[in-house]
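Below, chain A partners chain B and then partners chain C, in two separate complexes.
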Partner chain A sequence: MDEIVKEEIEGNVEIIIYGIINSIILSLMALGFTLVYSIARVPNFAHGALYITTGYITWILLNKLTGFPYPLAIAIAICVTAVIGALIYRFILIRVRGMEISEIIATYAIGLAILEGLRWGGLRGGTFTLPPFISGSVQLFGVSVDYQRLLIVGIGIVTFACLYLFTHFNRVGLALRGIAQDERAAMMLGIDSDMTAIVSLAIGSGLAGFAAILLLPLGNIIVEVGYNVLIFAIAVCVIGGLGSWGGTILASFIIGFAQILTEAFLSTHYQMVVALFAIIITLLIKPSGIFGKQKELEERV
Partner chain B sequence: MFEAREMMVFYENMIALNNVSINAPDAKIIGIFGSNSAGKSTLMYALSGIILDIKKKEEMRGGERISVFGRLFLNGDDVTNLKPHLRAKKGIVLCPERRRIFPESSVMENLKIGAYLSSRLDTKNNIDYVLNLFPRLKDHLNRQGGFLSGGEQQMLAIGRALMANPTVLLLDEPLMGLSPAYMDIVVKGTKEIRDTKGITIIVTEQYARPVIPIIDYGYILENGSAVLEGTGEELLNNPDVKSAYFGV
Partner chain C sequence: METMRKERIDRGVRVRASGLYAISSWREMLYLMGPPLALIIGVILLPVILELAPYWKRVINIMCVYALLALSFDFLANYVGLVCLGGAFFVGVGGYLSAIFNVYLHFPVYLSIPLATICGAFICTFLLMPCLPLRGVYFAIVTLMYPLLATRVIEALDILGGTNGITGLDSLPNEYVEHYAIILMTLFFLYAMRRFVNQDVGLVIRGVKDNDQAVKASGISVTKMKAFAVCIAAFMGCFGGAYMSHMYMWSGLSMFALDFSIIPMASVVIGGGGTLLGAIIGSFILVPLSEVLRNFGTFRIVIYCALLTGFIVFKSEGIMVYAMRKYHQFERWVKV
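The block that comes next holds the complex of A and B.
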């Protein structure tokens, strides 16, 4: 009798702990996408490709150059991805800015080119893995959690805090938020909209890379992950309300827990179905997402 | 000295501004009056450079064809082809029609975003200046911009523009939709900005009566052309103007 109760409690604790971990993972995946959309109004469909690129660059540095320090490889990979993001805006998106369909086609084409290019260039099979930062695991309330996942939670929260501080107290961060809310009004105050878009794409791509570095040690670097990350990022953003930060985090928790619950009670391979199903429900009930906040305010004014 | 020479703006084949020349000497308030669709906002967009951005976006979209002619000089420098943010850097700052404050940012953040071009010390001084100019904003520093009343938003919009350290401040219809009490605060504030900071102010308005006492010189726009100009008194005493714009 006692044994069964104990097992049940452990099961619940496991759902809660892994739910939180999964939610933070999702929000890390979506963070870069949200940032770019909320500031530059560009849906960056190359997000997943940039994610995989960072992982692959790190892998190359670690495995082709023997003895290359891991932290330096990570820093270089993230910087390269950020520069790629900036270049994508500077040379391609700048020409189609403001035309949503063209932006989507352009970024998706870039993403596709990068991902399939990587596949063609040899990114196939399960041999591409990144080592975890710290190996081993720990018992947490009777549930075993590995250090990498704990690190993800910790670094994820620190990342949110840093981004919050950056956008609320830094001059450039405030300018980004100004452009996000009213591009022309910000322009009149001397803020360059192309510069902020380049910065936001660089930061957004860097965040995609940062998420990749944190999350890829949990699995393999494979091209399909790039597509999945993109779909999860879009799901989270659509449900939370496009361009809303609070919404992104809340939506990550909703999908994150929904996925863990389906995993516990149904089966593992429903993960993607949950995300897509959530998009459909959101679009049916509240198309602007949970925090379609901007619209409400506009109506008030 | 801010000078617009023979500004012409076409939307497709429709003329929105026809040969308008405006002289704004330092530390003076210039009034631009006219009814709806007289070209006031187009003039402000042309002066602030926003028209170039509108033009670019329309071109990209394959929308309306906009042509801009004429030259703009700030203290003798040609600023005709500068993008809006570079004009703001030179000191030409527009406080747009309908205020367009950042609705999701607090009052304080709105001011800080406006201070993008200013140094840290300037920012601090300017915030003090703005809060002194419009003490009512002090009560709402942490409130979201979108939840302010129209008059408060207008004060915030002017304050935000001041944060960019302008030498030429363009106010587009600052009294639109305000109660008489708020009109009074905004008009007095405008005068004080000129007197204490020595900023050149160009203000457009449909209803000229509250603004006319503080202007140093004024123009009257009609269908895109400047049909009349003169000091506030001259405009006030002109019989045509009287009936058309002052409701006497």
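The block that comes next holds the complex of A and C.
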């Protein structure tokens, strides 16, 4: 009798711990997407592609150049991704800005081109892996958790804090928020709209890369991951309300726990199904998402 | 330094052909009827012309299926304002329904395709109903999810043949029926849609895109109109899917593949959005191109995407609009 109770408690603790980890993972995935949408108003469908690109660049640096230091490889990969993001805006999106259909198609096409190009270039199978930062695991309330996952939670929280500080106590960050809140007023105060959009795309892509570096050591670098990341990022953003930060974090906790629960009680097959159903249900009940700040809902959505 | 400006003026024959005088001479009539007749006759004769190249005869069918999908994307995106990234969903629903009717219920081909088309259109509309109040980015995002969701559900529940798909569908009676069924349907849908968008209902639907508040203020339900439009688009997509499942005698998860969403989209952008004919021309260019590039594997998608991005950024009007301008007008440089 006592055994069963004890196991049940352990099961619950496991669900809570892994739920939190999964939620942080999801919010890291979604962070870049939200940032770009909230500031540049561009749905960056190339998000998943940028995510994979970072992982791939790091892998190349680590494996093709012997003895390349891991931290330096990470830094270079993230910088390259950020530059790619900025270039995408500067040379392609800037020409179609404001035309929603074209924006969607252009970013989606770029993302597909990158992902399928990588697949064609030989990015398949399980040979592409990044080493974890610190290997090994620890017992936490009787549940074994590896250090990488703990690190993700820690760094994730630090990232949110840094981003908050950046957007609230920094000239550039304030400019970004200004454009996000009221583009015209911000432009009257001398903030360059295109420049902020470039910066936001660079930061958003950089965040996608950052998430990739943190999360990819948990699995393989494969193209499908890119699609999944895009879907999860979109799911989290739509449920939380596109462009809302608090909503993003809350939504990632909702989906994160829902996924862990389905994994525990149903099977892993349903993970994606849960995310997709959550989107549809949210859109049915409250189209602007939990914390959607869209004014004139009828007009915008 | 004097500046020059490009001036565009309608050709004389166009002006003459625009009124009743069009029927006054063969030349005007040919000017009006030439291009559409060339297209119709050309497409109808294609299977006969390609008699010597059996491989390319199969390509005609696929080309027409993609043309139908492109037509449905063009209609939804440029007339209703719903960017549907999930064209594959229509194909998949049509294909699977046809397979169910044919294999499980033993309906003959000429019954299973129409039934699958009609039922599929209603099922797709019903399933997309929750998303219809959405617009722009939101609708695009959600429709992108639908084919993925369908794939995962089929995989997870292991229904409808699971990952293997449903095999053993009846093929179409003979080769020529196979070709002409899809060719005639494509031409029919093309001209039907061109008429439809200029009917009263079509005008209301276009109103939904341009100014949905005005439509609402006129006492017309926007969501109902959108549902109607989606139903029509799904009808075309489902027909393509049902036909294709019979052509391959198989219906599986790859019916929900990305290709069915991305190639029609690329066709519309390359052919010229909002012209309907452009969608068809675009897919008649892209699908043979993809066959030529078959050896490159997934690199094909990279090429499409590059083309797509290039067209959207630098030549967003598309081939069709460009060609029409050249056909109807001449250009000259004049001093300002």
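Assume the second predicted complex is superposed on the first by the 294 of 301 C-alpha atoms of A that agree within 3 Å, B and C clash if a C-alpha of one lies under 4 Å from a C-alpha of the other, contacts with A are read in each partner's own complex, and residues count from 1 in each chain.
We adopt the following convention: a residue touches a chain if its C-beta (ideal position, glycine included) is under 8 Å from a C-beta of that chain, and two chains touch if they have at least 3 such contacts.
In this text the structure is predicted, and so the values were computed from the model without any measurement.
Within the superposed three-chain model, A:Pro43 lies in touch with chain C and out of touch with chain B [touch as defined at top].
Legend: residue contacts after superposition of the two complexes on their common chain; A:Leu65 is shown touching neither chain B nor chain C. Contacts of A:Tyr108 after superposition on the shared chain: chain C is touched, whereas chain B is not.
With both structures placed on the common chain, the touch criterion links A:Val96 to chain B and to chain C. In the superposed model, more residues of chain A are touched by C than by the other of chain B and chain C. Of the two partner chains placed around the shared chain by superposition, chain B is the only one that A:Arg171 touches, whereas chain C remains out of contact. Of the two partner chains, chain C is the only one that A:Gly117 touches; chain B does not reach it. Residues 95-96, 298, 300-301 of chain A lie at the contact with chain B in one complex and at the contact with chain C in the other. Note for the complex: chain C touches chain A at residues 77, 83, 85, 130-131, 133-138, 140-142, 144-145, 148-149, 152-153, 155-156, 213, 258, 262, 265-266, 269, 273, 296-299, 301-302, 304-306, 308-309, 312-313, 316.
Residues 48, 50, 53, 57, 60-61, 83-85, 88-89, 93-96, 100-105, 109, 112-117, 144, 146-147, 153, 160-161, 163-164 of chain B are the ones that touch chain A when the two sit in their complex.
Across the complex, chain C is touched by residues 43, 92, 95-96, 100-102, 104-106, 108-110, 112-113, 116-117, 119-120, 231, 234-235, 238, 242, 267, 269-270, 272-273, 276-277, 279-280, 283-284, 287, 298-301 of chain A. Residues of chain A touching chain B in their complex: 95-99, 168, 171, 174-175, 177-178, 181-182, 184-193, 293-294, 297-298, 300-301.
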